[in-house]
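The two complexes that follow have chain A in common; it is paired with chain B in the first and with chain C in the second.
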Partner chain A sequence: MPNVKYILIGGSAGSFKIVTEILDSFPKDFPFAVILVLHRLKHIKEGFTDALRIKSLLPVSEPFDKEKILPGNVYIVPANYHLYIEPDKTFALSTEEVVNHSRPSIDITFSSAAFSLRNKVAAVILSGANNDGARGLKDIVKYGGTAVAQDPQDAVVATMPEAAIKTSGTENVLSSQKIKEFLLNLNLK
Partner chain B sequence: MSNNLIVKILSAVFFLLSLFLIREIFISSYNEIPENDILLKYGILLLAVLFLFLSAFFRQTKTIYKEEKKSKNIKINNENEQQELTKSKTEEKIKNIISLTENKNNDSISEKILQAFAKEFHIVQGIVYQKEKEKFKISATYALYGNKNDYTFREGQGIPGQTAKNQKIKILTDIPEDYIQVVSGLGASSPKNVVFIPVTSNNQTISIIEIALFDDFPDDFEKYYHELNKELAKNINNAQSN
Partner chain C sequence: MQDKKFSVSDINHIYNELSDISGIDFSEYAFSFKMHRVLLFAENFNIPTLDDFVYKLNDSEVLASEFLKFIFVPQSEFFRDADFWNYLQSKLLPKLLLKKEVFVHFPECVGGEDFYSFMFFAGLFRSSHISVTVSFPVSDFENKIKSEVFEAKKIKACLKNIEALSGIRNPEDVFFGKENMFKINHLFRGNIFFECCDILKQQHISKFDLVMFRNRMIYYDKNMQDKVLKKVSVSLKKNGILVIGEKEKLNNSAGKFKHLQSNLSVYKKRFF
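Up next is the complex of A and B:
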């Protein structure tokens, strides 16, 4: 699996703990751009990014519209926006209709990244209580990216990884511990 | 708080005491004291009781009034501090916007203006229009992905056109429901404000900045608008000649 430069992580209910654990495990010189698409409520916007910032050795920010994606950074999709990944490796924010009852929609970010970044992206679906991300992960597989889903047995809420595994057909079904190892050893296999 | 309690207890004690005295006088009056004397004693006693009640009442209202005044003063102080804080904040934000848009070319200046506003004012969405010949055209958008349109207007047409004509900041607080719907896990909500900011040069409007915000637009923005307008116009004119 060479060439991966971008890591996408999609999570919803029950994913916060594992997201912080994953961020915590990334070293200071981590060469990937990490993009987090997490469902959250509007009112916890501020504290949420701060909480992740404390845990991470990498700079954590909410990207602005048309901002360039840079390696070694963690980006969190701002609450109430959809985030597209453009072929010129920039972000695009949108306030279109909600998709799968959510904004941000994991599907939108994953599908646009699949198309724009092809085999340079690894995407992970974590615990969650809806089907968001399933179609996105399918597109990741379709365009040659690396697709990973949390083992439903290991997830706090199994619905989202279950749907993602079923729809995308990915074989990379891993526990949270294994996901960390998997991401740290990307490009080494 | 404890003062109030003491006053209440004291007045209750005085009340009971005076009731007891009235009863004593009433009983004794039938036996030996002449009529005039009884009236006198009653009168003095009633006056004393009234006085006690009144003094207790005034003391109580005085303490309440003092406490209220105290908290009011604290509140006023806080408000003043807050105003000082936001005042300098707005000025700083405007300075940042000016410096963020310096030395750009014509392709990037409009984008930079929106990015600068996004950074300083947490905008939800934004559009920059630039005047080309007689029409204003969209030259940059913020967070309008998938809503691309080729909306144009002349001076005087619609709200942005009116802003271009009046050369004054226009703040819309009554946002039409279909302007934009932002939906969170908590339910749908529209932005609180849409603000139109004209940029003028030689008495001509050269650009309109339209931004939608969730937060209140700072009250003191207009105070710094003159400076912002002057510098933004300079930056836009420079960009166009670059």
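Up next is the complex of A and C:
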């Protein structure tokens, strides 16, 4: 198993509960940078990040453009922006057109992270009702990263993990409980 | 093309070719954004490989022009920035419009949305002493920008937002028309000026009271952002106001700007 430094989590409808459970499971000295790409209402800025902050021992923030990605932090993509990961390990924001009816688009963040972070990234696709993230997870595999999808039978809405599994070919198909264990033990395997 | 692996130099090669064709230097644009635009454009136009991409760029002026326009992102989402609307309406404009003449600049403009959103609020004050300069980076944009600025094509879709968030019910203060076709009121039309310019090469003089520069710098790398900000700063009068996107940060190491509102990216130039 490579020396993973970055964890990406993409989710949409039905994913919020498991995201909070995953954050809740991370210890205070968790050494990874965690980047959450969650579909959310475009015009609601308040509340979402606060709700995640309550569940996390790690600092949770919405990154600014060109902010450096630091270990031990949880970043959530701001509403109505796409978020790229740059090769110099900084964030870059964009207001380009929606992708898969979504901004933020999971595909955009995952694909740029695949290219920029290579085998240093583990990416997870959770419950959701469209195909966003499938192409991004495929890029994660293509560039040597670790790809995980929630078991569709375990997901509130199966469409997104099903598409991700089919498109990326990942064999890491795990229940929400197993995903937590997988992420907690990433570099131990 | 999505199945292939790319390198940084593969992508930069395409932009170097485009720079040779267009005269615009893309070397300091954000890399991942550039890569995404190449892959998306290739998909839209069924271009199978990067070699084909380079060949077509050099072979077809039309395709090169289309790609050039494709790189610049017109969406600004001003219509969803309710916090800034409120600030503009209740604080910024009332103060600015106390001046005899107000000079406003929209640099690097590639769509009309920010402009006509702004004009809604300017129109609320029935002010005809606002002079607006709209600058765009590529001459190919001229007709598109003029059309979007004057005709405000997306307004119909935004009316509900405008009413819900600001309480404005009479777009006719600024625009006239019916159904989906709106045009900007002649009262304002004579005070709008257009220019095609390279923001880094242009000689700027300090003439603007307000520079609206929301979500344009996010497509540059950090180095380019700093260079562009210096230029924009020069173009502002003392005490002039700079507005950037809510998730953009100003490099203010020289203390040139005062942050006016903690939850908004609105800054006042303090000195020359």
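Quick note on the criterion: the second predicted complex is superposed on the first by the 187 of 189 C-alpha atoms of A that agree within 3 Å, B and C clash if a C-alpha of one lies under 4 Å from a C-alpha of the other, contacts with A are read in each partner's own complex, and residues count from 1 in each chain.
Here is the rule we go by: a contact is a pair of C-beta atoms (placed from the backbone, for glycine too) under 8 Å apart; a residue touches a chain by one contact, two chains touch by 3 or more.
Predicted, not measured: the structure shown is a model, and the values here were computed from it.
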Clash-or-fit label for the pair chain B, chain C on chain A
clash
Contacts of A:His39 with chain B and chain C, given as first, second, both or neither
first
Of the two partners chain B and chain C, more of chain A gets touched by chain C
Which partner chains sit in contact with A:Lys180 here, chain B, chain C, both or neither? Use first/second/both/neither.
neither
Please work out whether A:Tyr84 is in contact with chain B alone, chain C alone, both, or neither, and reply first, second, both or neither.
both
Touch test for A:Tyr143: chain B only (first), chain C only (second), both, or neither?
second
When the two structures are overlaid on chain A, which partner does A:Arg135 contact: first (chain B), second (chain C), both, or neither?
second
Tell me which partner A:Lys120 touches in the superposition: chain B (first), chain C (second), both or neither.
neither
Contacts of A:Ser111 with chain B and chain C, given as first, second, both or neither
second
With both complexes overlaid on chain A, does A:Glu62 touch chain B (first), chain C (second), both or neither?
second
For chain A, give the residues common to its interface with chain B and its interface with chain C.
42-43, 64-66, 80-81, 84, 92-97
Quick one: in the complex, what on chain A touches chain B?
39-43, 64-66, 79-82, 84, 92-98, 102-103
Complex contact set, residues of chain A against chain C:
42-43, 45, 62-67, 78, 80-81, 84-87, 90, 92-97, 108, 111-112, 115-116, 135, 139, 142-143
For the complex, which residues does chain C have touching chain A?
2-3, 5-6, 8, 30-33, 35-36, 73, 75-77, 80, 82-83, 215, 217-219, 221-222, 225, 245-249
Which of the residues in chain B come into contact with chain A in the complex?
111, 114-115, 118-119, 124-125, 141-147, 180-186
